[in-house]
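Both complexes below contain chain A, partnered by chain B and then by chain C.
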Partner chain A sequence: MKRTLLAVVAIVLLIAGAGAQDKVIKIGTLFPLTGSVATAGQRCQAAVETIVDIINGIYPDLDLPIAKKAGLLNGYKIELIKADHQGKPDVAKSEAERLYEQEGVFAVIGSYNSSASKPASAVAERLQKIFMCGASSSAALTERGLQYFFRLAPTDRIENVEFAHWIEELNKVKAAGIKTAAVIYENTEFGKHAADEAKVVSAKMGVKIVADVPFTPGATNLNSEIQKLKAARPDALFAAVLGADYSLMIRTMKQSAWKPKMAINYCGGYQDPKIAEQMGKDGWGFMGSAGYTPEFGSRFMKAVAPVEKYYKAKVGVPFDTEKVAQVLRTTTFDSPLSMGGKVQFGPDGQNIKAASVISQLQNGSYVTVYPYEFKDGDPIFPMPNW
Partner chain B sequence: MNSKIIRKLGFPTLVFALALLPAFGVIGKGFTSHVLILILLNAAMAQAWNLIGGYGGQVSFGHSVFFGIGAYGAAYAVCVGGNAPWGGALAGIIIAAVVSVLVSYPCFKLKGHYFAIATFAIVEIFNRLFMVWDWIGGALGLDYPILKDSWKNFTWASDKTGYYYGAVVIFALVFAIIKYLEKARFGYYLRAVREGQETAESLGVNSTRMKLAAMALSAAVAALCGAFFAQYNYRVDPPTVMSLDMSMKFVLVAILGGIGTFWGPLLGALVLIPLQEYTRAYLAKLGSGVDLIIFGLIIILMMEFQPGGIMGILSAVRKKAIAARSQKPEGAR
Partner chain C sequence: MSMLIQVVLDGIWSGLLYGLVAAGLSLIWGVMDVLNFAHGEFLMAAMYVSFWLGFLFKLDPLVTWIAAGAFLFILSVLSYKLVVKRTMGKAMAPLLATFGLSMLIKNFAMNRFTPNFRILSDTVMDGKSIIFGEVVIPVPQFVVGIFSLVVLGALYLFLTRTRFGWAVQATAMDAEAARLMGVNTERIFLLVFGIGGACVGVAGGLLPSYLATHPDIGTLFGLIAFMVVALGGFGSIPGALLAALIIGLVESLAGFYFAPVYKYVAVFGIYLVVILVRPKGLFGW
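On to the complex of A and B.
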């Protein structure tokens, strides 16, 4: 009898104990861990894991509010559930469903490829769950009127507006005389979108697009594409070219002995230090936007800190999607780790404080040239010859 | 006698059991339902391919073109037209059948491997064409708006019961067609063409017409599966629905199960799809690509040791059992 009682007490204690310890928020990550953009996906994953370590552990040496103590909201630990969408939209959709329904995650962070983020976030919206989007640049993502979709990274459109300012600035300061431009882009959701935006912005600036050159990603040869560009003789080149295609483009440009006055790339190949290393001297002088860095994960997690404060003061039942979404929608978060300095989501879910800078490869390093408040060097213009 | 009854009643019983499954609360939310739906869909896709690839002996890698046309039909009606998907799906099915006849007619002049290579090229042509065709979204693809759950829209947010019934209907329809054709004159003609085109023609079978009819039917069914796929994933784009990757799914499931057999496509899907889905879901955590390595390894082993597919294994086992049975009495004596 006594033994049974003891056993019952032990079980109750165990359950209670488990309950007390069980302060865990499950967060899903959904990135292309395999497939053609696996490197990028693995980096996104690593970034999120890094910041989760910082949140869950104690890092007194870091000057971040979330680093000083373990966990969030009086010790809630974050548990990451990892999923791989292989760069395929249909897999992204079914994995998002599995994460929310099977694994019971509170929110999903993902998904790098815009084409994967779309169906995955549609799942979130239908289930009324939060979807946090890091590096998917298609502006269309935040034009769908979703309630539970939030994106931190700047879109192609934001980058393009910045490119336009930059070109106007160059025309003014450096007497650059940029009157014509060409676009080269991979024929995918990302490339097509970036190129369309580039055309809109160019038209606004009065810069004439003289060549419009799509190519198939993973190409082994870009000769005819570069010849087309060369023949059109644009002053500036907008490129939406990723990874290995980017170094191929630059090699082919060198072989064809052609360089426009400036070449500027959307997120992707340009800012990958490995690619910069591969290209060596050939890459010097090329410019690009930098808004997606492996640190974006830390920027996102940083934004959670004020949510924590809000909850401490207000809510008894933690992690109500509606309430968290409300906080995300209405709060401006301090974000010392992000370029914008702050994070604030517009009604469409886009981070309206998202910023990116324009940098140029000079002597093997990325020199920030614009906007001026962030610059650490002057642009070399026009690009030095091969 | 016994096996005859199974052969006669096995299929209707299976469909009946599948239709009853939701009553037991097995279907609804969650991953299991997802896997079941994919099994049925892929079995139907492989069976569609099996008609021309297995019974007709024309190994086509072009089926994603027809699948894609069906998917685009439904998606276009919903995303651009703002209508229910049904009309678009029907249009897609008809267009797919017509396109299949138009592209297959010249290709059927090629034999064996050359036919297969030509179908590779056709997928690439259609993939590029759809990539730059802005009227249907081009490289951006078409994304579904968020619609109310209903049979009219054929979308459901969370509960998969509707999708499940849809998959059962497609599965039953496709398998019933093949079941009927196995015994029909058309089916015999088709197999005769596979075994020897010249011989069949010398006996008065119009081989081109047989192959074209089989291809049209196969394409129409593939398009139906494509429309379902679009409704299920809320999105179509050329790399997903109209690519060699997608074509491979048709071929792989059929070959794994056993081509030219009635149950092969279902068995192939039963093995391949859970393997693919569960290895990804539970092994992707281990690190990059472990799931894909295991998945690939199993397929290689399968092809190495039993190229006849699962049906090959089953018939080998049965032969052994029969041999053992016929030997036993002798031993007893």
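On to the complex of A and C.
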């Protein structure tokens, strides 16, 4: 997720930078810097700030043209204006308005929570400004016919197709016998759409959904939620649970002495290494999608150079949203940062080359288990008991 | 059947925790007519005390609740001296001042400790449960429940059976008359605020054994504590306990038999009904 953001910001900045009138380009960031998913928001913010530092400063040790000189092209510096939407859709909307209208940013990068990206990008559309979305996974976001909304990250729908393949594979190879599943999800844009996708995909595989459990994020306990799941005895659990709720979910599962054969997570708490570390052994065995693992990361730096060169040649145009958007719509970018290897936006603004892998937390590290061409370990199945 | 027992027990544990969190708030409101808006943040501060002691010195929440309670006693006394005392009796002033205090504490935590979730692992009670057939009793919640009963019981006895408790009650009924009778009401206010804070400190001290600590954790707990106090009747300790149990059970039963996503809807719905029918709360006067 973090790497995806780096890719997003690199592209926006490179394109935007090409035609700026003055020597500063303002880019807004809109993440949940406080609130119950603040950990993730802070990490997104840090990712963006990292690449901006690399662009603005001189880093001879990095194998990257943008690192070796200060600024972009003829010395254009990036100025980040950061905003915090606290994980709240209404705040996201008003902060997006502030960024575009008062701060005068060229584009906004955001917003982690799908529920925040939705209203914020609607503001961008109304003002005809670019909204770059790195890590919101609700497939519905790119089904709104927006012209200025671009998303790099894979959606829950893309991930679901993979989940389905994976479960079919497990049924075949490990004789997993997964016939029933349950979904637990936060009752938000992200959670609801992830759950809808899970239901569609389960129906396709002939897996029966035996429990459908939405919950209020930031809850004081998840007792009734877990009891409901436990009572339904599903073979597999699909979870769309963020941040602190994720750790609470696992703790409550453990206290209720319940574990399904497998649990697979949409992006969220599972992906947060900090939470994984703090949960210790309790978090092991859970699986989830991942847009990034270290092996892919090691290929990172080689990627950005050709992108910059490409845009230097191609975009010698003024600082114009319409033209930048046009380039975004019509070009295929190289992007080894992402699993897909390339970035190409469909007419709906979704990156159609987006892909992710399925990982499992084993002995404290994220092991890629599927698809097989990327795997660096075998899955542990079924999950060992508490 | 065992499912029903399980759900009811889960409701009781949540209820007892809410009762422990709300006790201090109820006491403070009952005696001083001050609604401490920073109550949820006091809980959060106590959780951080317990978390850091656990993280840095490997002390278990079973021990550090004492430190958290003591710290919160001091924090409360200071809050009283610096904020509440100067604003008491001026209409909305204490409410707004404690609201400001809550912002201060929350943002201090955010600034110093980052908004990261902090989880204590390998605590004594971590993930332990007692299993009776189909029914599972999680040890941390059970222990918090016992603490709740003990603290609320002690508070009740203290208020009804000791000289100081009588003085507190007299002050609650009419501070001026109590002052004329020779009660040092200033001292009463100070101690009541301190004890109220210490109660929530004990709750917060125990919570890191199963809940992640982060700067926002107090918000929903604070809201539920207000509901407990309003539902039970302002200032009534048995009322708070009963109201907390009702809220815990409604939450758990509605969550399981209706839909989890509606559990807080049910809780706030019950609250609305009670407030409409009986504005002074169940045990209020």
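In the analysis below, the second predicted complex is superposed on the first by the 331 of 386 C-alpha atoms of A that agree within 3 Å, B and C clash if a C-alpha of one lies under 4 Å from a C-alpha of the other, contacts with A are read in each partner's own complex, and residues count from 1 in each chain.
Methods note: contacts are C-beta pairs under 8 Å (C-beta built on N, C-alpha and C of every residue); 3 or more make two chains touch, one makes a residue touch a chain.
Source: prediction; values computed, not measured.
The superposition on chain A brings chain B into a clash with chain C.
Of the two partner chains placed by the overlay, neither chain B nor chain C lies in contact with A:Asp235.
With both structures placed on the common chain, the touch criterion links A:Thr34 to chain B and to chain C. In the superposition on chain A, A:Ala219 makes contact with chain C only, while chain B stays out of contact range.
Within the superposed three-chain model, A:Glu162 lies out of touch with both chain B and chain C [touch as defined at top]. Contacts of A:Glu97 after superposition on the shared chain: chain B is touched, whereas chain C is not. Shared-chain residue A:Ser256: touches chain C; no touch with chain B.
Within the superposed three-chain model, A:Arg126 lies in touch with chain B and out of touch with chain C [touch as defined at top]. After overlaying the two complexes on the shared chain, residue contacts for A:Glu197 are found with neither chain B nor chain C. Residue contacts after overlaying the shared chain place A:Gly280 against chain C, while chain B stays out of touching range. Residue overlap on chain A between the chain B contacts of one complex and the chain C contacts of the other covers 33-34, 38, 42, 187, 214, 216. Looking at the complex, you find that chain A touches chain C at residues 33-36, 38-39, 41-42, 187, 213-216, 218-225, 227-228, 231, 243-244, 247-248, 251, 254-257, 274-275, 278-280, 282, 386. Listing the residues of chain B that touch chain A in their complex gives 29-31, 34, 128, 131-132, 138-141, 143-146, 157-158, 229, 233-235, 237, 239-240, 277, 280-281, 284-285, 288-289, 291-292. Those residues of chain C that touch chain A in the shared complex are 3, 6-7, 10-11, 13-14, 17, 110, 114-119, 121-122, 127-129, 131, 136, 138-141, 210-212, 214-217, 219-221, 224, 251-256, 259-261, 263-264. Here chain A touches chain B in the complex through residues 33-34, 38, 42, 81-84, 86, 88-91, 93-95, 97-98, 101-102, 115, 118-119, 122, 125-127, 138, 140, 144, 187-189, 191-193, 214, 216, going by the rule given at the top.
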